[in-house]
Amino acid sequence: MEKPQDKNWRSKLHEIIYEADTPAGKLFDVVLLIVILASILLVMLESVKSIDSKYHDILNISEWIITVLFTVEYIARVITVKKPLKYIFSFYGIIDFLSTVPKYISLIVGGVHALAALRALRLLRIFRILKLARYLGASLRLMSALRASRAKISVFLFAVIIVSIILGTIMYLVEGEENGFSNIPKSVYWCIVTLTTVGFGDIAPQTPLGQFIASLVMILGYGIIAVPTGIVSAEYTSQSRKDEKEDKIKKPLHLNTQVCVNCSTEKHRDDAEFCYHCGHKLNDE
Amino acid sequence: MEKPQDKNWRSKLHEIIYEADTPAGKLFDVVLLIVILASILLVMLESVKSIDSKYHDILNISEWIITVLFTVEYIARVITVKKPLKYIFSFYGIIDFLSTVPKYISLIVGGVHALAALRALRLLRIFRILKLARYLGASLRLMSALRASRAKISVFLFAVIIVSIILGTIMYLVEGEENGFSNIPKSVYWCIVTLTTVGFGDIAPQTPLGQFIASLVMILGYGIIAVPTGIVSAEYTSQSRKDEKEDKIKKPLHLNTQVCVNCSTEKHRDDAEFCYHCGHKLNDE
Amino acid sequence: MEKPQDKNWRSKLHEIIYEADTPAGKLFDVVLLIVILASILLVMLESVKSIDSKYHDILNISEWIITVLFTVEYIARVITVKKPLKYIFSFYGIIDFLSTVPKYISLIVGGVHALAALRALRLLRIFRILKLARYLGASLRLMSALRASRAKISVFLFAVIIVSIILGTIMYLVEGEENGFSNIPKSVYWCIVTLTTVGFGDIAPQTPLGQFIASLVMILGYGIIAVPTGIVSAEYTSQSRKDEKEDKIKKPLHLNTQVCVNCSTEKHRDDAEFCYHCGHKLNDE
Amino acid sequence: MEKPQDKNWRSKLHEIIYEADTPAGKLFDVVLLIVILASILLVMLESVKSIDSKYHDILNISEWIITVLFTVEYIARVITVKKPLKYIFSFYGIIDFLSTVPKYISLIVGGVHALAALRALRLLRIFRILKLARYLGASLRLMSALRASRAKISVFLFAVIIVSIILGTIMYLVEGEENGFSNIPKSVYWCIVTLTTVGFGDIAPQTPLGQFIASLVMILGYGIIAVPTGIVSAEYTSQSRKDEKEDKIKKPLHLNTQVCVNCSTEKHRDDAEFCYHCGHKLNDE
């Protein structure tokens, strides 16, 4: 059933949809980026009552156009991959499905609000286009610095939460319900608001003792904000120094955006002819 | 009175309760962690009026179960240590006692709120389980960086407090009682709220001059937040560099979680057969 | 028509207006700085109702004096440059024009508020005077550190915006219109307010679930504030180290503030006799 | 008139008051520290209406006791210095005078509030006692790091102020008087509140466009907070590295707290016998 010509047609579509090295692939990605951004804008505008009541029809039609476009893209993606099930149950496959289907359901059930919000998941699709990889080097280094300091930041955040629970309980006892600290979870919430220097002000200590303790909390928060900063900063510096020695950063940029037709593995070397993961021939014929 | 078999039974219990190297010891710690977290959740939920009125009986029974569990654990700890008094008056001994006893007192006196809050101290028991020590290396380096910058951060915080008192007094004179700066302590409180960039907004300057001074305070606060960050960052970097040279970090991880039956000293070397503090035989027979 | 004497007069005026190396040029810049600051103060005071109604005449006359001074300066700049059109359509030429013309238009049309605000553009003229360049070395290094970390900070800010949109949508669903999260854009706005630890408090979560998510947002914001700081810090450190080796910093200071009469190119070397851009003779005769 | 015995008596008092090396001098400083802290507490408590009305007499008497103590100290300082005028018109001399005299004036004029606040200046006297110099090394390094980054922080703060004025004017035009941005200075104030991530919330944008611009301002503020931190951090790191090489830090600690009787110069070397400034014999006879 699969004629060579047919395969050729599918492999070309695969190249356009999954890769960003050819002009057609780049164009596809740029168009997709615009459509995604437009669809997110739509979801946002629909939530604004005054706009929705005025331009309901325009918004609805635009939404249908985008839904159809996404549907076409979804089908194309399923067709062009050799193992469609692998794509369908991959992270991006599920997001693509969830961000397309709510509009169709709304036809049957009618105006389910929570479902409509699922469309916000479309935003996550942007990450895929980042294959455009303009800032790949920069984000790689950032990522590895964050990964290296993950354990320390976890310890730090754990300490922040414990401190918040203890101080929150104290504030609950000191201020009490009449000043807005109506229960311990709310007190802990206030404590996190204060420690992180956000300070909404919806709850604020009223008693002198409460304000004194709050002052201590704030100065503590002000002092410990230095800790994660110091960690990331030091980690990033050491990362940079290592990179300078090994010139690691330039190498990732030589990886291109080809995706294997067989196993969907990404990031092949520029001079690769076969997939490094499954050995399938990469299509640059 | 103490037969060898009895001693053996006690030393085995000691191993389970106080150490985390054997499977039984690890299991004990994990169960304890869950019970502690459950007990903290209980204290929190009880403070929420709407939940307490609905599920009062369930909460009360759960509280009794946890109290009994803690009582059993407390007694077991006292029995298995050779010098029970040392444990009872140690930091964790007192916390264990204070976090268990309020429920019993409530039987006699009835609903003393402040006593109930004592149970929040249970949270401090978590630190003990951290013997699990997953992130021991990370927190050790963090601690030593903080300890090294302690003196400088003290100087810094002292300067922040002095600046707050001076600026608070000025704001009290400028804004006065009619704008919420009703006395100097409150003004100083506002100043700390502002300097640390928390900014509740419960008190805010209303006069042009007050807003001008507030602007200066904020820019000052924005500028000096750099100081503790810079200190910790620099200290942490130098700490890392030192560690890289001396490989200090890996060594603490070789210390295990055994606790001497005789003197409760912790952190013995893996190959230790006798307590390095009192010379008592460590029980790995 | 252009006699040598006339040319000499123009070239001297050019030196005074466009450069800051001669005593006359420095004096001109200082006077200009004072006039600009005075004009900005005027715009500010005019916007304060109580002051404007009291001292309307004084403010109006001062405004006219400054407008006339700016007009004279503008004409002088046009006359002394060889290619006036190039100046007129340059960045500073347009700002000079826009910050002068509103007062004249107000004569014809009368009190157009938005136009009056155009005068705030005068502030941008300050950047020109920074040719005085006291802190040139300091700002140069700052600039190059920022430029070097531009890509990484873009990635970071892009991530912040995506996180804000996702979390904003979630908060919109959780809190709903009755708690102030009246639409998704507003929710995203709240999310940015919270992530950046600003925390106005005009919108604040009211439901327990909303406060729980808000706590996560805040701790996240508190954790990731470390990222840009770490980047700039590391970049700045490596910049400093590089500078120490190459002594790059002192060299830019040898560039002077001369401006070519022909093509308005700036930053010539101290020993330059001809413009490095168009080859025109520089006027230090 | 000046007998040798008299001189000896004065030089001994000088040693006690101005120095902190002898036991008597240390005791004097500790007592002084307590009195100063007590006097600041007094000023604070007096400003609290509810406390002042209850304990007016006790506060008033305590205030008189402290005033008399300060008067005695002031006279003693004037007598024991060889050049009293130099002390009287020195920074600390003026502060000592201003923090003592208001109580006497209140006898004549009666309850001048603003004068009473002058007593807050007493706080500045604490700096003198810091001769105790526990953290001298730490603060010295901090100071030199701040001094080194002064120029760059000035450039940065200048940029923050310019950005605030421009954005403040834009917000004034966008939001207008009806949303609390009643004039440009107030708008600029709001902009500083937001840029520094303080966020009082007394003024908050209401229009969608205003909230959009506010979001940009906040993200900008979040991004640029990294700049001063990066500067101080880098400066501090390089300072530490320099210090490690030169061992500069330990040397300042060898300077003692002796003060020359003749010219009031401080910080003499431990082995100094004559004032390094005026050549007068230092009194350790």
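Note that the chains are named A, B, C and D in the order they appear, and that numbering of residues resets to 1 at the start of each chain.
Heads up, the rule we're going with is that a residue touches a chain if its C-beta (ideal position, glycine included) is under 8 Å from a C-beta of that chain, and two chains touch if they have at least 3 such contacts.
If you're wondering where the values come from, they're calculated on a predicted model, not measured in any experiment.
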Same or different contact residues where subunit C meets its copy subunit A, judged by the half mark: different
Option in B-D, B-C or A-D whose residue-number contact pairs overlap C-D by over half: B-D
Chain of greatest Cα-centre distance to subunit B: C
Separation of subunit A from subunit B, taking each centre as the mean of its C-alpha atoms, in whole Å: 34
Chain centre separation in whole Å, for subunit C relative to subunit B (CA means): 48
Numbers and ranges of subunit D residues touching at least 2 other chains: 156, 185, 188, 197-201, 225, 229-231, 233-234, 237
Contact footprint of subunit B on subunit A as seen in their complex: 151-152, 154-156, 162, 165-166, 169, 172-173, 182-185, 188, 194, 197-201, 204, 208, 211-212, 214-215, 218-219, 221-223, 225-227, 229-231, 233-234, 237-238
Sites on subunit C touched by subunit D in the complex: 40, 43-44, 47-49, 113-114, 117, 120, 123-124, 126, 135, 137-139, 141-142, 145-146, 153, 156-157, 160-161, 185-186, 188-189, 192-193, 195-202, 225, 228-229, 231-233, 235-237, 240
Subunit B contact footprint on subunit C (complex, rising order): 197-201, 229, 233
